[in-house]
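Here come two complexes built around subunit A, the first alongside subunit B, the second alongside subunit C.
And then the complex of A and B:
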């Protein structure tokens, strides 16, 4: 029991429960099925991003280009689909996945083959992708998207007193991606290799782990998640706006870090990232319902990141015995 | 002695490479854009360069120390904002006295923000990318909350003389920048702190065991970085006569590019101020040249991103994590 609450997931879960109880008491609309379903529908895209990002963070890298990559995927896929006369879900998902993976592999190529630090590569590709997208699309949005992408696919619906609350396809896709990523990271040997590579690249290399495969997989998987999230986002908002996802990467990164992942690799879980996204979503939702200025949200996110970093490293700041201080240094 | 000569020679190679690159970029733009070689262009460059230059110095020092400061642009915004607020609220009628006070406020607040960030990097032992990213999001949010995304404008006329004036034919922002470069050059090359910063960047553990207070050095690294950002914020305030949160956001990429172009090692420890200053001028030449050719702003963004990756690819064989 004590152990559950000393992990990042345990603390996050507790915070989410406390916040949910507080919002239920202080606002009328929070604990309605409608609001909770809206939250799930709206956060599914963020969660897909987050489970992709956590793989990269566990592998000891960082990527800030994924949300812009998702915009590129949206634009390319929808343009292709329109030009080939519509298509369907299977073709759409396939194209989105393929484009997303290719964009992810571009990052992996620079990071692995040319040994450039991942933050610098992705700052570069972030601007490269975004600049080219805005230049080639001239910043124009696409409003005429194929019918199958336009009409919402309901997967679960509840009749309420006023209208009905519905969960849409992105939630199902999100659950699938969460499960797949969790299974890969936590239940397979390859997942252990990713953790191993993230915590100590040199040791992993010397013990014969295929480093190229791990790097390629991590950034490719994030690319895949970004591609699918991009398509889902287009499905939710029913249009493609080239700069709609610009800046989203920082919120996702904040959420994943909140969920216990560290820069430097080897730590982080799928559950933690999902809870991180949900906590940030609850805070935003709560601020809206309480009528607090949306301008305050960004500041609160920043404060939460700084607070979370401090809290996870609290044992290093407080007075402690020599031995644990040394261990703290080694983990850094 | 021999080591010393060898050390100097690599520095000379860096510096000559940067000068060659500068001449090359001027030549290229002189050929492809007809009216590039005009006094007007160089004049406007001389007024634009200082802000970018100060932010680049603010990025450079943490990179030498093995980190990165992603919060430079928003630190500059917040400092400018604070100075503008104080000047408008209390000093609107004071004329010239408002200027040094605004300068002092910007630099002090920048120093304060930087030292807080540095303290987090040092004592929390968190990754500098993460800390500065958190600081960046926080400062942007704070600025947007305070201004509601609007401009704060209307400074006393005396700010005009700093933003647009010249002294002996040299733009005043340029003078301020040159003084800052000189101070940074002095600190990094000739003081104990500068030497410690290089050492912390190349091997923090060895530095700690050789009796240097690594944490104190880190606090100063980010403090200096913050103070330089604050100075940049002050210059932006003086030049545009207004502050908006998010102004200069696009400089972040160029500052990182300039540092690595000039040979700073992404793993820390190596990099010199002089090649940085020359490399920076060439980037400003390229920026102004692209602008003059009428290239779209987005195309320029893409070009900078591609350029950064290209520079890293070319630099990578000579840099390793040692």
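And then the complex of A and C:
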């Protein structure tokens, strides 16, 4: 029990519950089905990004190019589909996944083959992807998207007193990606290899791990997530705006780090990433409902990230707790 | 049943024009604990890499395992099938995984598509842990464990892989006395189980203690294999270095004025009521078990921590250090134990490392750092300390351990200190380099520097210290002249 609450996931879960209780009491609309469904619909894209990013962080890397990669995917896929005469979900998903994986593998190529630090590589590809996209699209949005992408797919709907509340396809896709990533990371031998590689790359190499495969998988999987998230985002907003996702990467990175991942690798979980995204979403939602200026949002999120990370580091800095940790070690 | 687990003869390895191994022979009996001894760069690691299949020796070698036919090289597959495993000094474990996952990590690599199956992995790890007879929690995160326990995890890991021939590279280098003793007990247990162990260590005392035979290499050449019975540390170091290292106590009696004095120094939870003084030209040994407070006292003398009570006097004047800068300007230099990480910036040049403590002085009177002055300073110290350096502008990481240690010394001597604190200056340094370091230290003392030597090697204290303070639980336990007792007695007092 104590263990559950000393982990990042436990603390986040607790915070979310406290915040939810507070918002339920202090606002009329927070605990409504409509609001909760909206939250889920709107956060699905972010969660798909987050579970992709956590794989890269666990493997000891970082990627800031994924959200502009998602914009590139949107643009390429929709343009291709329109020129093909429309297409359908199967072709759309396939194209989005393939384009996303390809973009991810470009990062992996530079990081693995040319031994460049991942932050530098992805700063490069971030600018390259975004620059190319703005140049080729001339910054123009696409408003005429195929019908199947335009009309929202409802997966679950309930009737309320006033109208109805509906969960759309992105929620289902998000649940699938969360499950798939969780299964890979937490339940397979390959997942242990990724944690091992992030934890001590040298030792992993000497254990006979295929490093190229790990790197390729991590950045490729994030690319896949980015591609699918891009398509889902287009489905929700019903248009393709080239700079719509620009800047999203840092919000997602903050959420994933809040969820217990570290930039050094070896740590981070799918559950933590999902909770990290949800906590930030709840705060934003709560601020809206409480009528606080949206301009305060970034400031508050910034303070929360600093506070949370400081809190998790405190036990390493305070001599008192260091001593008790040592004693615990000796007793073990 | 074969008598020998491994027989390697006529092993030669060249890298370009450099001969790393020349016609070396190495036999390992089944269940034997065998030491591979020699100074850094003598070819120990190369020989290990030939036997575990990483390096391909020159044609003509004859290597056989157990009853197999001799072959001219070992492939990684051969090494694996004969159960050859190497535990390198860095252990190559995963701090973010659990103990059980570390022990069974190879199964994740072998079958990536299998389920993680924590329950079975824990059962498998527990079996190995029980077999070894040690206390380890399979669920604990490796990163939370001490180095000694990680060492045990590394041993469990090779046992899980069914190791029958284990090479251990400097396994005791970062262990305390007690931890070393329990590790040696485990090594004996493994050998009783029929596992052959090759032990590589700079600590000759434990080599003679645990090993049955010792094979000595020098500069890539085979010196010989000897039974450890009847072998002494002195004889062994002569074989390793090819020099007769005859070290005797200094026997200096006349010292200068008091350079540093401590009066009733206490820091809560670390050390209690410590008083001593060191004169110019005197070497004071500070010893005791890990946690006895020896390093903690040094840190306070260097201004890294502040004592709660008591006074420090330099040249008879009371001083307080708020930080290490204060201590440095008062004339104190501290060469830390973990010199490779704390003492040097590995990727920077030898010149920049040497000058790093005196940059402000070198930049006077202007703010301009003259590269010529930096190089001159560095070359001066390289010459004084007889450091082997091909080009002082190369990164410090290009030097051997013993020479890196000299650069750390040079860096601190450049501050022209009154008091030099050496914390475990010979950890991980081979015999020849050790002798070289003490020659320097004695030279410094002879010139009037006060030296505090922190060490848990009784032989070092016995030979080089003029006075020794044995600490226990943060308190002064004994204060004596080392030459007044036998070395064995001193060792007992330290470890009691």
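Keep this in mind: the second predicted complex is superposed on the first by the 319 of 332 C-alpha atoms of A that agree within 3 Å, B and C clash if a C-alpha of one lies under 4 Å from a C-alpha of the other, contacts with A are read in each partner's own complex, and residues count from 1 in each chain.
Everything that follows uses one rule, which is that a residue touches a chain if its C-beta (ideal position, glycine included) is under 8 Å from a C-beta of that chain, and two chains touch if they have at least 3 such contacts.
Since we're looking at a predicted model, the values are computed, not measured.
*Asks:* Have a look at where A:207 lands relative to subunit B and subunit C in the superposition and call it first, second, both or neither.
*Replies:* second
*Asks:* Touch check for A:117: first (subunit B), second (subunit C), both, or neither?
*Replies:* first
*Asks:* Report for A:222: first if it touches subunit B alone, second if subunit C alone, otherwise both or neither.
*Replies:* neither
*Asks:* Now for A:193: first (subunit B), second (subunit C), both, or neither, which partner does it touch?
*Replies:* Touch partner of A:193: subunit C, not subunit B.
*Asks:* Based on the superposed arrangement, let me know which partner A:297 touches: subunit B (first), subunit C (second), both, or neither?
*Replies:* Only subunit B is touched by A:297; subunit C is not.
*Asks:* If we overlay the two complexes on their shared chain A, which of subunit B and subunit C does A:263 touch? Say first, second, both or neither.
*Replies:* In the superposition, A:263 touches subunit B alone.
*Asks:* Given the superposition on chain A, which partner contacts more residues in subunit A: subunit B or subunit C?
*Replies:* After superposing on chain A, more of subunit A is contacted by B.
*Asks:* In the superposed arrangement, which partner chain does A:70 touch: subunit B (first), subunit C (second), both, or neither?
*Replies:* In the superposed model, A:70 contacts neither subunit B nor subunit C.
*Asks:* Can you list the residues of subunit A that meet both subunit B and subunit C?
*Replies:* In subunit A, residues 329, 332 are touched by subunit B and also by subunit C.
*Asks:* Show which residues of subunit B lie in contact with subunit A when the two form their complex.
*Replies:* Residues 68, 120, 123-127, 129-131, 133-142, 144-145, 148-149, 253, 256, 260, 266-267, 296, 298-306, 308-309, 312-313, 316, 320 of subunit B touch subunit A in their complex.
*Asks:* Show me the residue ranges of subunit A that touch subunit B in the complex, using the header's touch definition.
*Replies:* Going through subunit A, the ones touching subunit B are 62, 110, 114-117, 119-121, 123-132, 134-135, 139, 250, 253-254, 257, 262-264, 293, 295-303, 305-306, 309-310, 313, 316-317, 328-329, 332.
*Asks:* For the complex, which residues does subunit C have touching subunit A?
*Replies:* 90-97, 101, 105-116, 135, 137, 140, 144-146, 269
*Asks:* Mind pulling up the subunit A residues that touch subunit C in the complex?
*Replies:* For this pair, the touching residues of subunit A are 186-193, 195-196, 198-200, 202-204, 206-209, 265-267, 323, 325, 329, 332.
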